[in-house]
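Common to both upcoming complexes is chain A, partnered first by chain B, then by chain C.
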Partner chain A sequence: MAYVGQRANARNYRERKEKELAKIKSYNALSDRVLAKKHFGDYSIEALDLTTDLLAINPEFYTIWNYRRHIFLNGVFPKSNPAEIHARLKDDLEFTLRALKQHPKVYWIWNHRRWCLEHIPVAHDARPEAQGGAERDGLDWQRQSWARELFVVEKMMDADPRNFHAWNYRRYVLASLPPDPPSGDSPSSGPSLALHRTPASELAFTTKKIEANFSNFSAWHQRSKVYAATGQMADASIRDAGQLNSPLFLDLNSSFVNQAMYTDPNDQSAWIYHRWLISQNPDPAVIHREIQIIQDLLAEEPDSKWCLESLEDGSVKTEVTKILQRLIDIDPKRKERYHDLGLELATATTATTTNQHLST
Partner chain B sequence: MGSKELATLVHVSYIQSLGKATDDLAYHLTAHLRLNAIYWGLMALCVMKHKDALDRGEMIEFVMSCWDDEAGGFGAHPDHDAHIVPTLSAIQILHILDAPDQVDVPRIVSYVISLQNSSGSFSGDQFGETDTRFTYCAVSILSLLGKLDTLDEQKTIGYLRKCRNFDGGFGNTEGAESHAAQVFVCVATLAILDRLDEVDQDMLGWWLAERQLPNGGLNGRPEKLEDVCYSFWVLSSLSILKRVHWIDANSLISFILSAQESMASDLEGGGIADRPGDTADVFHTVFGAAGLSLLGYPDLDDLDPVYCMPSRLIESLGLKKDWVALGRRTL
Partner chain C sequence: MNPAESDYDVVLLGTSIASSITAAALSNAGYKVLHLDLNGYYGSHSASLTLKDLLDWANHAPSIYKSPYASLTYHFPSSSDPSVAPIDLLSASRNYSLSLSPALIPSTGELVGALVQSGVSRYSGFRLLQGLGLYAPDNSSDTPIRLVPATKEDVFKDKDMSLVAKRKLMKFLQFATGKFEESEDVQNQGQTAIRAYLQEVYSLSPTASQAIIYATAHSASDEEPLEKALHRLRKYTRSAGRYGNSPFLIGHYGGLGELAQGFCRSCAVHGGTYILGRPIKSIVSTSTEEARPKFEIEIEGISQVFNATSVILSQHHPRFSIQGTSNMDGPSFRCIAIVDGPISFPASDESSGPDNVIDTSVIIFPPRSLGELGKLKNSVTAMVTGEGTSSFWPMSADVIYLGSLLDDGDEDHDAERLLRPYLDALLNLPSPTQPSSPKLIFELFYDEKIAASSSSTNPLRGVFMINDAPPAVATFSEVGDASAIEAQRVFWEVSKFLSPPAGEEGEEVNAGPSSFWPPLDPEELDREVGENW
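Moving on to the complex of A and B:
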């Protein structure tokens, strides 16, 4: 029986290998053909179609993406009117979308989409029927494309909320949006093309992501970026208007972060964010309240490493030594770090004492 | 295979076999990474003290066949476009093989400099994708070629500062989430430029130490899976920050060793995978071996965590920075 099994395996292996060799042969033939055309500066539609075939098999072949863009720039676009260029680029956005669904982490695909978006032409033909609506400023093709892009990337993030390519790309899209249409000038049909997000809506976006999964550190990160941006705004306008001290108080004064800490005390995402938030708000009353909240949680979860870690960061010195010893016991993988923190503390204490002695 | 020891000889023959795998489709589909892969294989051999297991002449010849004369840089394969990543691989390989004089230094320098954008970021190639990985490639290339004086350091550092996040880490562009591999490229770049004062070392050291999971392996971001390659990205960063002892070495060594490819079939075998049970590849083989070297695993050669090159070579070039790895253990 074993002997028969081995023979069957060997036959399977040979058959698989033969199929693979056939694939290799056709792939290499295609690749050689495209590279030869590239070498001779062939910018024809035929060459373009061959790059489509090759990239559909291997979307990581960066040289071929480059060649494809050169074909557009040197061969296709010079012979096309804006509507034709627009149609070509829309096709490429569809083509790369199919590729992205299979390969959501390939840099080159995301990169090619950027290039497409950045080359969507201004519509010179401003007739209403040419733009599907009222007479406009010529930017609607761009608005429609970027609006769709925002939709696409947010769909990709639904599929994988931690895909950093998608998060980066979304930040890029939001930063690159064409100007909103002039006010009162809205298209007769279709969705609104006012695409720009306010800090409040962006904050709500991260809230939604975090509430779906408190472990989504990518969303916590984005939240820190929203605050950094509104912080700058606060300096310029909001604070001058005397409305708010700092938007950072919003998170501290809501129970949002605390709720995340309580939901899963072992999940480091909220704790890292919390430490940063506290460091931005050195208000003693706030710190006191937060320590109380963490101590209450620690009473429920006496082995919570993150409770102890946070208290270590914010506590009075006499407590810290005890906390560090406890951390060494419950989190031995990082015992050397706790040991170093203890040494640092001892040195700092000695230095303070010495200084006190010297000054008396 | 027992997972208690590094199966050095098996890995050496695995790396030797990679260049001969021409009847695997994957070999052809990864031509765009060929030069990078040769660097990974060669570097893994260096760490395992078997540098001569690949033919020196063949490697040099292949590297030179990847030169893109139009751009003035190296592609990953003959007839592929120049890109800054394979350009660094080419220079690393030639240095390791003691043949650095093969390259056209002035042309490479102007290629690299031409890729810097007004924001201070670097693009990877003519079409302008930016990433802090490319900043590292640029700075490492210029440093290895002894041409750092051609770099606008102010602008370069200014951009890295913008990529620093609330958790002390760095992302691949301004605004991007911290990621251990991006932390490595940014910290190593700052180390080369003697500007580690730009790093919140305690905060970042803490974030890096928290990458270790209960099974000993390291992840690249909070609440993600462990992966062998982070052994290098995290440990190199910690070595540069002189805090590599903040990781539990024994459990990480066991994790890396357990990701060695088992030799269930005599058709395959050797190499290290991203995690136990997966298929080995040369990328995880080099970064697994590099991690073991930084952890002081016995009978390996010292690796420079800033350049990811043999430590002695970097020292002989006068480029060694002030990093600390764990002491070499004896068997």
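Moving on to the complex of A and C:
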């Protein structure tokens, strides 16, 4: 009657415990076998298959990934032609992909993928499927794999937009892409292999991620990377000309970052990005405007630590002292830091006044 | 006939959603359940009906003794004779699944909890509500429907609010989704009208207040006591994000009838017996004062007599209710309409093109949003369901449900006169893709009395009352959870009554159920969901 469900569950629990114990025993046996083979330098296919089994259970066992690569380099690849090598590497990419779904943050899996991608051979010999009339540069295998890689990492980022491994890896993929195929040269089938992203599309990508969840340090960080890469920072002529349409000014002028600051003043990602923007573009008019905006926010949120810190960065000294005192009150855990900042400021001011004395 | 087979622990009268959840819970806990319904279909007054069944219902429902329905009228405006159903519509009757209880199901509410824990969620499909907007004729864009920010991300992206307005709104939302019961404001001013509170304490603009009151808390009026509104607001805001950007799920056919059927199925799977479509001849109590009660149930057309230890019946049962316990209020005004094209709802994302058609949406008309035309003092909620909810296919059509609560100030009580302007407003929404407005194929208006309070007195030993009339405020979004809460209450009362009293030592046999549903098998939870990358 009513108790049946509870008794049955107790029995289930015992059965599951027994099954677990059996699994542990067989894993240990497998692990011992593989390590023994490694010790004796066994680079056979049989050894390879055993590493597959072991890594499928425990992909964090990095020694075995290493061993697997040795087997490829010393045992399997020397006996294979480029097409076979390509097939093996593609299989490993699929294999690691399945592992990633369960363990999205394990470094060794990402590393193995990098290794596979970097070893994809260039196909020099003419193959029927590679014919197309125009000259092929032999890089299509690589392009296909890197294209898929970009797709995979972006899918992972959809699943977890704050996985910084994924963001990092994505930068690596974008930087490693083989050059786009020569124009006018269309692949025989499948999607376009022109993969390189423009700064504009990258910015749009980060905008989308930020709109989905602006508490995403990695997305803001990527924005700063895009700006840095386009060289706008170093281009003094653009700054001096006060070109307000350039992307650098856009984030400051469009209140995009202000929206995040006001929606959640406790979220540090937006504040840190804002600070970086200001530091790249210390225009007095802009600083003055931003101070006003932050002060308005402070009026709504008198206890906002980030408001006070940001104001401290750009304000006049007397104001700064008052602000530092408030910070010490609100955030007592960091009072030594605020004290230090105050000292720094005092030293700087003293040096200036000393110099002034000396020059007169 | 084996006498044991006709002995039941509990008999339930009526398969409304609340009764069905109760029946499933009792059956899952191991009790022997007999579940009866006069109608030939599941769901009772929460049922989902084909067009023909709905017309049958419409023709009979108001005339049943103590019927909660009144001022019922229906037409076929596109037909040559609006009072007669066109043949092609009737022959497609089974393509329509029209609900007497359209529902928005909050993702973190009690109904979802019951669906998941009982496993009934596997019997049905659900969609996320795609659009929720406020009807605001003074809206800045080219449609009077204003989208209402529900999450932090929505607030961030909103193009119309100033920075300071966003901050004020976020502060209020953070308060409302936290432990507001412990705040001084709620303890001292819990009964203040919510509008007054929003404007005085949080300085929200009238626009922002309106959005919060009507489209986030789903209040009927801005005078609603703060504390009640905050409870709903917190539940809905926390629900956003569980399955997607909207707080609400919608059942496969838009209503609760399918779900009632699912719970009945669960009850049957665990041994419950169902008899539909037969009137009860009599229920007689045959026990003495000291012994356990025994009720003998005779059903028309069935010779076997059934015995039950307890009876659960609706507080508002037309025949068997107990004097003085039926506590109705209301009425609420309702409309079911079928139109031959989509009602245009603005997409929230500019990047999603015209292909991203929103087919399930809710549009809320705050009081006075229709000016002179709209006489209702309370807000009106419109739920529009399209092909996605599988209500019908292959034609392109939408079903519109309207609901509003009576206010003391309303003079007119005629559902059609009161709701017609709102239906017209929906049909006249500007659409970028359609050249002409959709046409009405069918319209049905009625008013329905709603529940005032649960009766907790059981004048007769062994008889339990279940309050399964729709809730007073925020009907569409609360009817599901109110039913689940009521089911849980009745479940515990009945199981306490049925289990042997405490004091019997030892055996697990007499422990009785320890939770509302038996614990889920953990292996079931490990099922992998495949994904195509």
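Basically, the second predicted complex is superposed on the first by the 289 of 360 C-alpha atoms of A that agree within 3 Å, B and C clash if a C-alpha of one lies under 4 Å from a C-alpha of the other, contacts with A are read in each partner's own complex, and residues count from 1 in each chain.
The rule is simple: contacts are C-beta pairs under 8 Å (C-beta built on N, C-alpha and C of every residue); 3 or more make two chains touch, one makes a residue touch a chain.
Keep in mind it's a predicted model, so treat the numbers as computed, not measured.
Residue contacts after overlaying the shared chain place A:Thr63 against chain B, while chain C stays out of touching range.
Taking chain A as the reference, the larger set of touched residues comes from B, when chain B and chain C are compared. Of the two partner chains, neither chain B nor chain C is touched by A:Leu73. Once the two complexes are overlaid on the shared chain, A:Ala87 sits clear of chain B and of chain C alike. In the superposition on chain A, A:Arg171 makes contact with chain B only, not with chain C. Of the two partner chains placed by superposition, A:Ile45 touches none, neither chain B nor chain C.
In the superposition on chain A, A:Ile24 makes contact with chain B only, not with chain C.
When the shared chain is aligned, no partner comes close enough to touch A:Ala10: not chain B, not chain C.
When the shared chain is aligned, chain C comes close enough to touch A:Glu300, but chain B does not. Once both structures are placed on chain A, no chain A residue is touched by chain B and, in the other complex, by chain C.
Note for the complex: chain C touches chain A at residues 29-31, 152-153, 155-157, 163-164, 166-168, 170-171, 495, 499, 508-509, 511-514, 518-519, 521-523, 531, 533.
Against chain B, in their complex, chain A makes its touches with residues 17, 20-21, 23-24, 27-28, 31, 35, 38-39, 57-58, 60-63, 65-66, 69, 107, 111, 114-115, 162, 164, 167-168, 171, 215-218, 221-222, 224-225, 228, 267-269, 272-273, 276, 332-337, 340. Residue ranges on chain A touching chain C, taken from their complex, read 1-7, 9, 12, 16, 97, 101, 151-152, 155, 211-214, 255, 258-260, 262-265, 293, 296-297, 300-301. Taken together, the chain B residues at the contact with chain A in this complex read 22-25, 28-33, 75, 79-81, 83, 125-127, 129, 165-167, 171-173, 175-179, 205-207, 209-210, 212, 214, 216, 221-224, 243, 245-248, 251.
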